[in-house]
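Per-chain residue numbering starts at 1, and chain names A, B, C and D are given in the order in which the chains are listed.
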Amino acid sequence: MKFNIYDLTSFNQWIDKLLYDNLPAFWAMIIEMTLIGVAFLLFYAVIGLFLVYAERKVCAFIQNRVGPNRVGPYGIFQTIADFIKLLMKELIPINKADKFLFNLAPFIVIIASFMAIAAIPFGLGLHAIDFNIGVFYVMAVSSLGVIGILLAGWSSNNKYSLIGAMRSGAQIVSYELSVGMSLVTIVILAGSMQLSTIVEAQRNGWFIFTGHVPAFIAFLVFIIAGTAETNRGPFDLAEAESELTAGFHTEYSGIKFAFFFLAEYMNMFIVASIAATIFWGGWMPFHLGPIFGEWTLGFNNVMDYIPPFFWYIGKTMVVIFIMMWFKWTFPRLRIDQLLKLEWKYLLPINLFNIILMALIVLMGWHF
Amino acid sequence: MEDLILDNNTIQEEEYIINMGPQHPSTHGVLRFKVSLQGETVLNVQPHCGYIHRGIEKMCEKLTYQQIIHLTDRMDYLSAHINNEAVCLLVENALQIEVPERVKYIRTILSELTRLASHQLWWCAFGMDLGALTTYFYGLRDREPILDIFEETTGARLLQSFNTPGGLMNDIHPNFIKRVKDYIVYFRKKLPEYDELLTGNVILQERTNDVGFLTLEDAISYGVTGPSGRASGFACDIRKHHPYSAYDKVDFKEILYTKGDTFHRYKARVEEMWESLKIIEQLIDNIPDGDYTAKMKPIIKLPEGEYYQRVEAARGEFGVYILSKGEKYPYRAKFRSPNFSNLSAINKMAAGYKIADLVAISGSLDLVIPDIDR
Amino acid sequence: MNAIIDYFKELFKGIKTLLTGMKVTGYYFVHPKSIITQQYPENRKTLKMFDRFKGEVTMPHDENNQHKCTACSICEINCPNGSIEVISKQVEKADGKMKKELDVYIYKLSMCTFCGLCVKVCPQDAIIFSQGFEHAVFNKEKLIKTLNKPGSSLKEKVKVVEVS
Amino acid sequence: MNNEHLIEKIRSFDSTINITQGPQYLTLDVAPESLSKTAFMLKNNPDLSFDYLFCLTGNDLPDAYSVVYHLESIKHRHCIVLTAKAASRENPVLDTVSNIWLTADFHEREVYDLIGITFANHPDMRRIFLDEEDWVGYPLRKDYTDNNIVSR
């Protein structure tokens, strides 16, 4: 393998070796886990705060407004102020709620998103767990959040919440199919479910280019279904503030509400990360394949000077921006139309697309 | 509030009753719908109004005719100028005062600007009801110049009280004509954007087409007027059929559809914006010179009798009924507010559709709650 | 076959309408110049209300601390909300005649609906609307204002209108 | 159809009806017992077809409580005013017209709420604005008093 200046693998191995050499294996493992956990927590918080800010700014510009501009320069500390406010807010106890499940629900939602983020490769050597079933794991874990939403809706003992939770359940069960299928399309092309292998396979061109037509269709389907899975507009039926006031989190306040809020943004980040990783090569810089000729070598080298982490973040942000763009443009769908979109359009197209991709891989028609 | 306590005997086993409102984002104010649901399907909607009943009709019995006008502002605050006009026209007709032509023209232009501003705000709010949050800001952005025009001429942005019996409070501002002309040019460019963003959108089409039907017979019988009624084919435009002010001098189309679903109520309003622009364009260059008010006595006493005046407010027919005993206060004043009648048809429209459709239907009726409660 | 063609036609038509909508929002996203927000507290110095804006009722005083109000209380009669209260006093003039003069002119801003009738009917043009719009106060009592300044007097050569 | 024809037509159905020409509209005074019948006739007669009830007002007149119905025909574009006085002042009752014009449902509830005229056979005779349980009296009656009423 070619030497890469931004490869953090050796750094990680050095820390690993240092710990295991000097400490008993058990404690070394504990410290390692703690370190990774703290790093993820920090990353989680920073990304969460940033995404809230970004969403507010993006929607403000779309809507001819300035957006947050009071707290700090350009309002960059606005979300921190909001977060402090949410921390200090009273947690309103609901008399007739199922107390245990009511308190448990936000944690389930946030843990689900936390677990999913662990398997995502952020850069060369920045990869907490590299499963051989990485894609499968991320899909499975990220859909666990719906349990939290259902619990929240049910245990709030509020009619709006229950309707919202039920909608969310129907929605996620249906759209999980499309998310899975569209990823399977790429798994066929990549021949592996391991995320690191998938990224590595895109060294000579991202899958969205090498897989051309079926990969592009799969990408579109994934973006639509992924937006639906994160309960974001135009698929925000579970919250649907003009119909159900706030849907499943009507009764939540303070930090518990913040958990739902943060989890929603993190789910968006996870979906965008998967889209960037699977279709756009994750941290892999933009490379041109050898079919374009010898000169691409120089171009690829130039691209390599941009650190992989920035590639990854940049791609993810582009996907996130597209999702925000959706939300701030479209009206909300109705529940039957939501299901119609899935079962009448996305799923048949997806199934056809898998066959097409299989055919292309079989015949070697991809780049 | 006995209806908050649910009586188990009267409720069907499968029914699920939720209260939409009085504090709910889609009721646009303090209105409460008691909705019986079966799953997501609406079985029955019962509107409960009166949360902001202020007794305006009772207050009017102790106010002079000049003073009544500022209360009519506070009913349908989005068509404040038109409501003012109704009272003024009633007093003028009762006293048989001929107001100057200039006043008629200015009143008509201001009425149409009010209608435009009202329909713009409706467009924003309708988009919000359906979850397209961006429409709100585009609509308000385009409404702002109209409010500026109002502010410059009348001194207030929303509750203008610019009409007085016999004329206007003040002459139009010297900038008025130029500003209105500029605005028409500006808005003619922006209005197609509304269609691009929302009207053509496949999601909106799916959400509103074939939803919330109101037949012509029902529209007439329920007295659903304004764009909501005209979407069902109810030719109820007072401007056309009982012209007042300068409406007999302008050429405009009464937007009529026959289908009567939510989308056509939407479409009727958007098309009415174009018609309003047309009316203003015809009048703005031809405002005759003259006085801004007719000679009026300081104390107005209507001759004994019953008077009724109908005008076309932004949401439908607005009527003022005054029973005078020859004093300076009316003996009885009644306001026929368009929203009150429009609201009564909501059960007919929403029953059998989804709860999300109820939001779309009540949005398409463009309810203004103070107008219902009065 | 037609069904399949219709299926795709519907699909692409739908996608096209969605893209049309996204074009509009995208246009505004990349044109920050179209932002119309007014930065309110910062633009206080340049923010000018229209001349006719009905901010609050004020009584203009000239440089000699003189106003034009003759305490005829026509405004008080015309106010629909009772937000004006004119208290007059009898003053003995130099020539020995008793004359009605304004003592206190109370204006309750909290009750005012800005209908403009008081300003319109005033025969002396003694009260006008000022353009101030920042009415927020911490105490409701502060909204009850006395419009004539302390020690002010009636401007001379103003014909007094007597109202019985 | 002009007013003479209207009068003729209405007279041909009920010669006892009292028709006066008001400042704007023809006014029909109907006895409370024949209100329902007359209203039905006005709506369903093809020559009259008063299908649009655009205003329904309750009045507290010095001698009686009355209800004023403003009617328009969409087909013929003529208007008419129907008035009916409740017989008793203590317990004013009139027949409902909500089965003839559906909009009367809400308007009659409003009249019941504010003036206190009960409409017989109305499907849902409850107060519409004020609180059903603890509001005493009918505010638009001239003799209504309330501690909250302030006079200027």
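Methods note: a contact is a pair of C-beta atoms (placed from the backbone, for glycine too) under 8 Å apart; a residue touches a chain by one contact, two chains touch by 3 or more.
Predicted model, so just to flag it, every value in this text is computed and none were measured.
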{"item": "Intersection of the contact lists for chain C and chain D", "value": "B"}
{"item": "Most remote chain, CA-based centroid, reference being chain C", "value": "A"}
{"item": "Of B-D and A-C, whichever chain pair has more C-beta contact pairs", "value": "B-D"}
{"item": "Distance between the centres, which are taken as Cα means, of chain C and chain B, whole angstrom", "value": "25"}
{"item": "Distance between chain centroids, defined by C-alpha means - chain A, chain C (Å)", "value": "52"}
{"item": "Distance between the centres, which are taken as Cα means, of chain D and chain A, whole angstrom", "value": "64"}
{"item": "Two or more partner chains touched - positions in chain B", "value": "134, 141, 197-198, 201, 203"}
{"item": "Overlap residues in chain D, where contacts from two or more other chains coincide", "value": "152"}
{"item": "Multi-chain contact sites of chain C, meaning residues that touch two or more partners", "value": "18, 21, 24-25, 36"}
{"item": "Chain D residues touching chain B - in the complex, by the definition given at the top", "value": "22-25, 27, 51-55, 57, 59-60, 68, 70, 74, 77, 81, 101-103, 105-107, 110, 114, 127-133, 139-140, 151-152"}
{"item": "Of all residues in chain B, those that touch chain D in their complex", "value": "1-2, 49-50, 53, 55, 57-58, 62, 93-94, 218, 220-223, 225, 234-236, 241, 305-308, 310, 317, 319, 321, 323, 332, 334, 336, 340-341, 343-345, 348, 373"}
{"item": "Chain C residues touching chain B - in the complex, by the definition given at the top", "value": "13-14, 17-18, 20-21, 23-25, 36, 49-50, 52-54, 78, 80, 113-117, 120-121, 129"}
{"item": "Complex interface listing, chain C residues touching chain A", "value": "11, 18, 21-22, 24-26, 28-29, 32, 34-37, 39"}
{"item": "For the chain B and chain A complex, residues of the former touching the latter", "value": "16, 18, 24-26, 40, 127-134, 136-138, 141, 197-198, 201, 203-204, 206-207, 354-357, 359"}
